[in-house]
Structures are given as C-alpha cells and as structure tokens.
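In the two complexes below, chain A is the common chain; its partner is chain B in one and chain C in the other.
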Partner chain A sequence: MRIHQKTSYDDDINLFEDRRQALWYLALVAGAALLPFAVSGYFLGEVTNVLILAIAGMGLMLLAGHTGQPSLGHAAFLACGAYMEAWLNNRGVSFLISLPAAGLFAGAVGAIIAIPALRMSGIYLAIATLAMGIVAEDVIVLLEPYTGGVSGTFVGAIRLAGFEIDRYGSPSGFYWLCLAITVLVALGYANLLRSSTGRAFVAIRDSEVSAKAMGINIARFKTLAFFLSCFVTGLSGALMAHFLGAFNYEAFLITISIQMLLMIVVGGMGSIHGAFFGAMVVGFLPQIITGIRQQITMTAIPGLDTGIFAAILVAMIILEPRGLYGQWLKTRIWFQLFPLARRDLFRRHKSYLKTERLK
Partner chain B sequence: MEVAQLLLGGISVGCVYGLVALGFVLIYKATESVNFAQGDLMMLGAFITLQFVNTAYWGLPFWLGVLLAVLVMAVVGYLMEALVIRRLFGQPQFAVVILTIAIGFVLRFAAGFIWGHEPLTLETPFAGRNVALGRLVIGVDEIFVIGATVVLTGTLYLFFARTRLGVAMQAASQNQLAAYYMGVPVKRIHGLIWALSGGIATIAGVLFASRGSIDPNLGLLGIKAFAAAVIGGFGSLPGALAGGLIVGIVEPFAGRYIAAGYSQIMPYAIMLVVLVLRPNGLFAQVQSKKV
Partner chain C sequence: MSLFAVDGLSKFFGGVRAVDGVSFEVEEGEVFTIVGPNGAGKSTIFNLISRFYDVSAGRIFMDGKDITDIRPDEVIGHGIARTFQNIELFEHSTVLQNLLVGRHSRRGTNFLQNLLFLPSVRAEERAHRHEVEAIIDFLDLQAYRDKMIAGLPYGVRKIVEIGRALACGPRLLLLDEPASGLSVEETQDVAYWIEDMQKDMGLTVLMVEHDMSLVNQVSTRVLALADGKPIALGTPAEVQADRNVIEAYLGIEEEAA
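Up next is the complex of A and B:
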C-alpha cells in the first residue's frame, strides 16, 4: 500500500503522481518504440492503425469527454485533414508543412461550426452534428475537383527531411512517425488539462452556469475546444490518408463518426487513457474475432464485429459508465489498498432524473 | 399534374417519417431520453411483420400478422425500457443517447443475422394496384399509408385526451416527481410509453415496407426522422407529424427541381437552419438560466 504525501500545491497538477509512475510511462513509450523489431509487418500495421485511431479519439475526447459537447459528426473533420493532406502532398509540399496545415484546416472548419453550435447543448448539439456529418458526405462528393468525388483520391509517400516514408515500403518508419505524433499529442493534451484552459473546459462540462459565475467566457472556451479538438482530429485524418493510401468519401461515413464516439465511451469518457483503450478495442476486436472464428471453424457472419462491439458497449454503459479506464482504475486501487479494499468502495449513488429542459 | 403527383408521393413518405418522429417525441417528452434506436425498431417491426405475413415464412393473413407484430414490438419496447434503459435512470441524457445507438447496432446485426442483408419485399394485399383519378394515378399503397397515419393520429389524440392512462402519461411527462406524488406509477408509465412507441414504430415500418423493399440498414432512415422531429420542435406530437410531412414533401421536389447531388442534403439543411435560428427547435422546451 502506497501513501502519497503531498508537500506542495504543484503535487495536485503534476504530470505524474510520482517518479515510479513516470518510469512506467517511459517504459511504455520505450517498449512501443522497440515494437517494430519484435513483431511482423502485418501486426505493426494494425498497431499503427490503433495509434491513428487513438489520436482521433483524443481529439473527440477533448470535446465530448472534457468539454461536454458530444459530436456525432467528427468523421467530417477526419475528412478535412485527410483531403487537405492528400491535396498538399500531391503538390509536393513537405510533410512538415502539410501535417500542420491539415490540422489547422480541420480546426478552422471546426471553429466555424462552433459558432452555431455555441447556442445548442445536449441532444440538439448531438443531432446537429449528426446532420453535419451526413451533409459532409455529400459535400465531399460534390467538391469533385478537390476530392476526386466518388472515385476518391490517391496520396503518395510522406516526404520528411529528405526521407520518403511509405506505409508499405517502410512500415517501421511510418509506425515511428505515428508514435511520435501520438506521444506529442498526448503530452500536449495532458498539459492542457493542467492549465487554466483545461480546467475551464472541465468546468463548462460540469456546469455551464457555475462556469459562467466563475468568470469563464463560455463562447470563447467552447470555440477553443472545438478548434483544438478538430485540429487533433485533422492530424489523425492526415495520418489516416497515408495509412489508407487511396480513399473516397466512404472512409468518412456517418457510421464512422458514431463509431468514434462509441470508441471513446468504451474506453472511458473524460480520460486520455480512455482514447487509447477505446482505440485498442476498435482496432483489435475484429482481429480477435477472426482468430476465435478460425479456432472453432465457424463461417463468416457479416457485421459480427460491430454487433459484438455494440453489445459490449451496452453492457459497459450499464455496469461501468466510466469505461475500460474506470475498470482499470478500480483494479489498480484494489491492489494498492490490498487487503483493505471493500466491496462498496465504488458504489454509485442512486439519483432522481435531473431534468435537462432547464439548462 | 406533375406537381400533384410529387406532392402525393411526398405526403405518403412524409407520413412514415412523421410516425417515426412521433416515436422519438413520445419517448423524449415522457422520459427525457432520446431513442436513437427508433429507426431500428421500425426496421425490426417491418421484419417481424414480414416473418408473420410472407408465404416464404409463416404466411398468416396480412392484418393478423400486422396486429401480432405490433404486439410483439410493444413487448420488445417495454422490455428494452424495463431491462436496460431503466438502469440509467438519473444519469446524463448523453449516456442514454450512446446506449440507444448501441442497441440500434445490436438490432441491426440481429436482423441481418436472421433475415439476411438482401432487400426483401413485404407481401401486402395492395401492392402494385393503382387508382386513376382523372389524369392522376394514385397507388393503393399510398392511400393506405396516408389513411393509416390519419387513423393512428386520431386514435393517439383520443388516447392522450380522454383515457386515464393517456392523462397519466401526460402528467409523467410534464413533471415526474409531481406525477409520482399524485399516485402515477411513473416507472410503469415509462415502460408503457416505450411499448407504445415500439408499436408505432412497427406501423411505420409496415407502411414503409408496403411502398418498397426493406433491409437491415433501413434504420438509418431514423436520422431523417430526427430531422423531422427537430423541425417540428422536439417536444410536440403534431409538430413531429408536420415535420415529417415537410421533410417528405421537400425531398421529391428538391430531387426534381434542384441539381442532382444537392437534393438529399435538403432535409438536413432545413433542420440546420431551424437549429441555428431556434437552437432548441421551433417549440422550445429548454430554458436557459441567467447568470
């Protein structure tokens, strides 16, 4: 059993609880960096996919999990990033410029979307973003000169400081690039949450009225949250473009948006870890199901992985609203307190229905 | 003449959207949870009717099959509330949104597993028959859709205005705690509302299936019904039907008179305009606290 003695106010907002925790994360990053030497190219591709999903998940998590603005149309911002990256890359722009440009483009679109979205909350925002996601599908097809319409577009290798990084030609290079961006985004995100901006986001999520009373400019911070969230999602979209190589509007259907949201809910709303856990579930579940099916020689059932994923989600929301990360925390605390953990330690309170008609 | 033909087709499609929207609004008004699986309930209702009615399956008489399907779906709706949704009582709206989306995915998978992913056609007694009214050609299926919607709406109006249960449902939707103090069994009422909306979804599904084929992805039509519900104000039953009619009528006209590719955006564009101008729907129920 460990006891944390806090000796300064900084202890509350330090990035890591103590040196031991910092070492664990360092070991995790080092292990991830050494992964290409240990596994096959196919598996490395799957892990790269998980990393890209995790970046997208972090983008959405900032908006839905930490600012409390659920978006059901985030694939539209993935599309912004992906098409911008493809367009710039095909014109020979270096990755160092095209990646931030893709993120900024998605972020700018997000900030524009935020203006009408500021006035909505809860389900109205969810429905409006859903509609936006559907309209985005059609807009992609209509903007044929830039997006290639229905037939889609190709994107070449990444040009970065004299190197050419291709997903198939140099899978390790592409993996390291994705890992570096993931780590940077995660660090930036964790730092943002320590700052007053991050705390303003969380305050808006928990109660807009109280946040306003504490002098937080709701409109400004909501717009900022939209911008940052869409920026990060755009980065993920740019990487996804290189991962897919060739894509059309079908890579950004409304079902993808919904799946992104379900992903972060399974992982655990309101935590950076949740984005990673969720991405791992979405990325690896189809592989696991295929593996099990081959073991028991069952015929393929279309849509099985989506069905199982949704069933897991239903169980998760009822039994563990804080997702996989909540379960992980509980397990960890159980071991930390051993043998003092009690069954009712995490009991949820019963409460009345709180009306959301009064906001 | 062409305008009248388009209008008639639009109204009959709009009736289906309106009925699905009615299901959303019923549940939202009474329980404050938004059922994103309403479109999938409609899909399931249509498939269960098909199971009862089609000769390739059980081959029951059409009306008996529809009646049985409505009853089965009412039970499904009740069980959904009693077993799953009720567990989330007191949690944020958002949790229910996610939950119903997930349930929709599960239902879609189940339907695809049982009935396959190929489009199927419901055998109705009035498929392919037309009535000529002057130069206007009206399908019997269109008359059936519009007539059924009118009858159902009238029945629902009488139910809510005249019966004890209907008044109790209205009370529970206006103020749960007060209704509970007055002896309204709020939990059971919630279950019954879900049952009612499962039944309405089935009728909407049958109406839709009478005009074309059905497949497990039919539930995505629910998103269009969302647009209808929002246009009509998310808390008003007549508004939901009106919104459905607006969406239904706009679609064929946009398809006819606006360049291809833009027409399917129209329902959502109207909805977004409504949301931007009146962020809480045309008939707002949400009020903002001032600081």
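Up next is the complex of A and C:
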C-alpha cells in the first residue's frame, strides 16, 4: 500500500502526482515511440489510426465531457480539417502551415456554430448538432470545386522541413508525426484542465447558474470550448486526410459523429484518458472480433461482426457507466489498497436528494 | 454614503407583484437581514441583485454605481458574491476545486497562457490556492478538501457554498438562508462565522433567513417583507415587536376572541 504525502501546493498543481507516475508516462511515450521497430507495417497503420481517433476524441471530450455540451455532428469538423488540409497540400503549402490552418478553419466554423448553440443545452443541442452533421454531408458534395464533390479528393505526401512523409512510403515517419501531435494535444489539454480556463468549463457543465454567479462569462467560455474542441478535431481531420490518402464525403457521415461520441462514452466521460481508451476500443475491437470470427468460420455473415461489437459496447456501458477509465481507476485503487479494498468501496450512494427548483 | 442600496425595486411576473417597491440601504460593515413569510419576495430580491432576473422597476446601486443593467457575471466584479438557497455547487468536482472556481473573477491569465502553463500561471495557481487555504482554515473544511461534492452531507455543502462565495473576495456577501436544513450546532457555527466575517474580515452581509435565533444573534438591522412590500425596518427586537410583522406571520387578531 502506497501513501502519497502532499507537502506543497505544487503537488496539486503539477501534471503528475509524483516522480514515479511521471516516469510511467515517460515510459509509455518512449514505448510508443519505439513501436515502429517492433511491429509490422499493417499493425503500425492501425495504431496510427487509433492515435488519430484519440485526437478527435480529445476534441469532443473537451466539449461534451468537460463543458457539458453534447455534439452529435462532430464529423463535420473532421471534414473541415481534412478538406482544408487536402486543399492546401495540393497547392504545395508546407505542413507546418497547412496543419494549423486546418485546425483554425475547423475552430472558426465551430465558433460560428457556437453562436446559435449558446441558446441550447442538453438534448436540444444534441439534435441541433445532429442536424448540422447531416447538412454538412450535403455541403461537402455541393462545394465540388473545393471538395471534389461525390468523387472526392486526393491528398499528397506531407511536406515537412524538407522531408516528404507518406503514409505508405514512410509509415514510421507518419506514425511519429501523429504521436507527436497526440502528445502535444494531450499536454495542452491537461494544462487547460489544471488552470482557471478548465475549471470554468467544468463549472459551466455542473451548474450554469453558479458559474454566472462566480463571474464566468458563459457565452465567452462556451464559444471558447467550441473553438478549442473543433480546432483539435480539425487537426485530427487533417491527419485523417493523409491517413486515408483519398476520401469523399462518406468518410464524414453522421455515423462517424456517433462513433466519436460512443468512443468518449465507452472510454469514460470527463477524462483525457477516456479519449484514448475509447479510441482503442473503436480502433481495435472490430478487428479483434473479425479475427476471432475468422478462426471459427471464414464465411462472413452480414452484420454479425458489427452486431457483436455493438453488444459488447452495450454491455460495457451497462456494467461500467463511467467507462473504461473508471474501471482503470478502480483497478488501480484495488492494487494500491491491497489487500484492504472492500467490495462496496465504489458503491454510489446519494446522501440527499437535490430538488428540481433552480434557485 | 451607504455601501449598497436598492431604490423602488420591483419585479412583476405577469400579474403577480413578487417584489413591489422595496427600498433599503446597507451600511458598510453591517449585517442586514431580510425576513418574511414564504412568498414574501426575499429570494426574488437576491435574484434581482445577482441579475438573474431583470428588474421591472427601480434601481440597484453598489458603492454609488448603478448596477441595474449589468450582466450576471459582472456582478462579482462589483464586489458582490452570493450563496444559493438550494445549494448550487459543482457536483463532480472536489471542495478545493469548487473554492478555486470562486477565484475566477480574480484570474489574471488568459487561455493561451493556461494552455502553455507558463510560469505566470503556476504563480497565479499558487496565489489562488493560498487564498483558498485561508478560507478552508476559517471554515474548518480541511477534512473535506479533496472530497467530491457528490458524496458530501448537506451541512457540509452549505458551508462549502459560503466558502466559495468568500473565495470570490467580495465586499458584500449575499447569504440566502444559510441556516436552512442545518442542525442547531451547525447553525451556531454559522452565527460565529458571520460575526467573524463582519468583525475580522470587514465584510458587509446581506442575508435572507428564517431562523430567528440566528437573525437575533448576528443582525445589525432587519427588514421585514410581506407580499413583496416592506412592512418594518429596525433592530431585530424592534421588528419582532412590530404589529404589522406579527400580523403577517400569525394573521390578524380577532377582536371578538
């Protein structure tokens, strides 16, 4: 059993609890960086996909998980990033400029969407963003001169500081690029959460009335949350463009938006870790299911793999509403307290019932 | 000049005159209490001052400045913090984080600095924490510092709400029924804290309260309301002896009886 003794305010301000935890995360990043030397090109591609999904997940998590503004149309912002990246890349713009531009474009669109969204919350906001996601599919097709319409568009290799990075030509280079961006986004996200901006987001999620009374400008911070969320999602979209190589509007259908939401719910709402766990589930689980099914029978029954995937997800949400990250925390505490953990340690109990009255 | 004043404050919901021409002034350093039966318009006055409701008529002044038309999030900038009758804490955060949100109006860094967590942000976080720790010590919340609000008993939540309002660093503190739902001992603690806020911290308190023992113990002056209209103003003893107040609470005495 390990007891962590806090001795200064910095213990609560620092990113990591103690040196031991920092070393674990360092080892994780180092392990991830060395992965291309250990695995095949195919598997590396899958891991790259998971990283890109995790970035998108962090984008949505900031908005839905931390600011409490659900979005069912986030694939539209993936599309903003992807098409902007493709458009700039095909005009010979360096990745150093096109990537931030893709993010800023998606962020700007998000900030504009935020203006009507400020007046909505909960289920109404979810429906409005769902509608936006559906409209976005048509807008992509209509903007044919820029997006290639139904037939889609191609994107060339990434030009970065004299190097040409291509998903197939140099899979390791592309993987490292995605890994670097993932780490940077996660760091920025964690920094926000441990400062006043992040606290303002969480305050808006838990009680808008109180947040106002504490001097938080709701309109400004919701718009900021939309901007940051869509910016990060746009970055993910730009990387996704290079991952796909060629894509059309079908890469950003409403099902992708729902998949993103699913990802953060299964991963664990309201935690950065949740975005990563969720990306792993969405990225790997269907492959694992198909792999196991192929061991039993090679004949594919339409819908079977997806059905099993869906059943597992439903079971996960019923058994652990706080997601995989919640399960991870429980497991960790079980080991930390070993052998003193009690069975009902995490049983949720309501100490009193909150009334429906607002004030 | 008084610290805070409302002049002819009125709020009509359709035909209902929830607050009807209420005027009062709160002097710097006093504990001013508003009492009245249910539906007298006490909480509505608080919501008008916090700018959650727009006034139907009348003006609100803080420190000589007219704050009748500002946004709710600007109220704290004028030095007014409040608590809520039916606790409005951030449920899925710890006590410490709740109190730190109280420091929001004193933030000196923007989101870009936060994103990079520059040394100035760390310095600010330490300073906020220092302020918040003083409040934790004052209100004896040490044991609950890292506990989630969602698991805390009612009494502690009430205290955390007071702490969060104090963390804003206000000059005028609005307490909406601070003793409701508290035990006798907890109410006594609240009374001592209000005295300390007034005498040691130099705060001015505007309070709505039903518990007459608390009102008597801490109030400098009391305003009694009934049906949105002021009926008596004076020291706690004067107001309790006032014929109109007795009528409002107990009904008109039958002469024949």
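For this structure, a couple of remarks:
Quick note on the criterion: the second predicted complex is superposed on the first by the 343 of 359 C-alpha atoms of A that agree within 3 Å, B and C clash if a C-alpha of one lies under 4 Å from a C-alpha of the other, contacts with A are read in each partner's own complex, and residues count from 1 in each chain.
Methods note: contacts are C-beta pairs under 8 Å (C-beta built on N, C-alpha and C of every residue); 3 or more make two chains touch, one makes a residue touch a chain.
Everything quoted here is computed from the prediction, not taken from an experiment.
By the touch criterion stated above, A:12 is placed in contact with chain C alone, chain B being left untouched. Once the two complexes are laid over each other on the shared chain, residue contacts for A:261 go to chain B alone; chain C is not touched. In the superposed model, A:209 makes contact with both chain B and chain C.
The partner of chain A that touches more of its residues, comparing chain B with chain C, is B. In the overlay built on the shared chain, the residue A:217 is in contact with chain C alone; chain B does not reach it. Once chain A of one complex is fitted onto chain A of the other, the partner contacts of A:200 are limited to chain C, with no touch recorded for chain B. Using the contact criterion defined above for the overlaid structures, shared-chain residue A:306 touches chain B, although it does not reach chain C.
Once the two complexes are overlaid on the shared chain, A:191 sits against chain C while remaining clear of chain B. In the superposition on chain A, A:42 makes contact with neither chain B nor chain C. Annotation: chain A residues 209, 212-213, 351-352, 354-355, 357-359 touch chain B in one complex and chain C in the other. Contact residues of chain C toward chain A in the complex are 43, 47, 50, 52, 71-77, 81-82, 84-93, 96-97, 100-105, 107, 109, 111, 114-117, 121-122, 124-126, 128-130, 133, 151-154, 164, 168.
Only residues 28, 32, 34, 84, 87-95, 97-99, 101-106, 108-110, 112-113, 117, 176-177, 223, 226-227, 230, 234, 261-262, 264-265, 268-269, 271-272, 275-276, 279-281, 285-289, 291 of chain B touch chain A when the two sit together in their complex. Looking at the complex, you find that chain A touches chain B at residues 70, 116, 119-124, 126-128, 130-132, 134-135, 138-139, 141-142, 209, 212-213, 254, 258, 261-262, 265, 301-304, 306-307, 309-311, 313-314, 317-318, 321, 350-359.
Interface of chain A with chain C (complex): residues 9-10, 12-13, 188, 191-192, 194-200, 202-203, 205-207, 209-218, 224, 228, 270, 349, 351-352, 354-355, 357-359.
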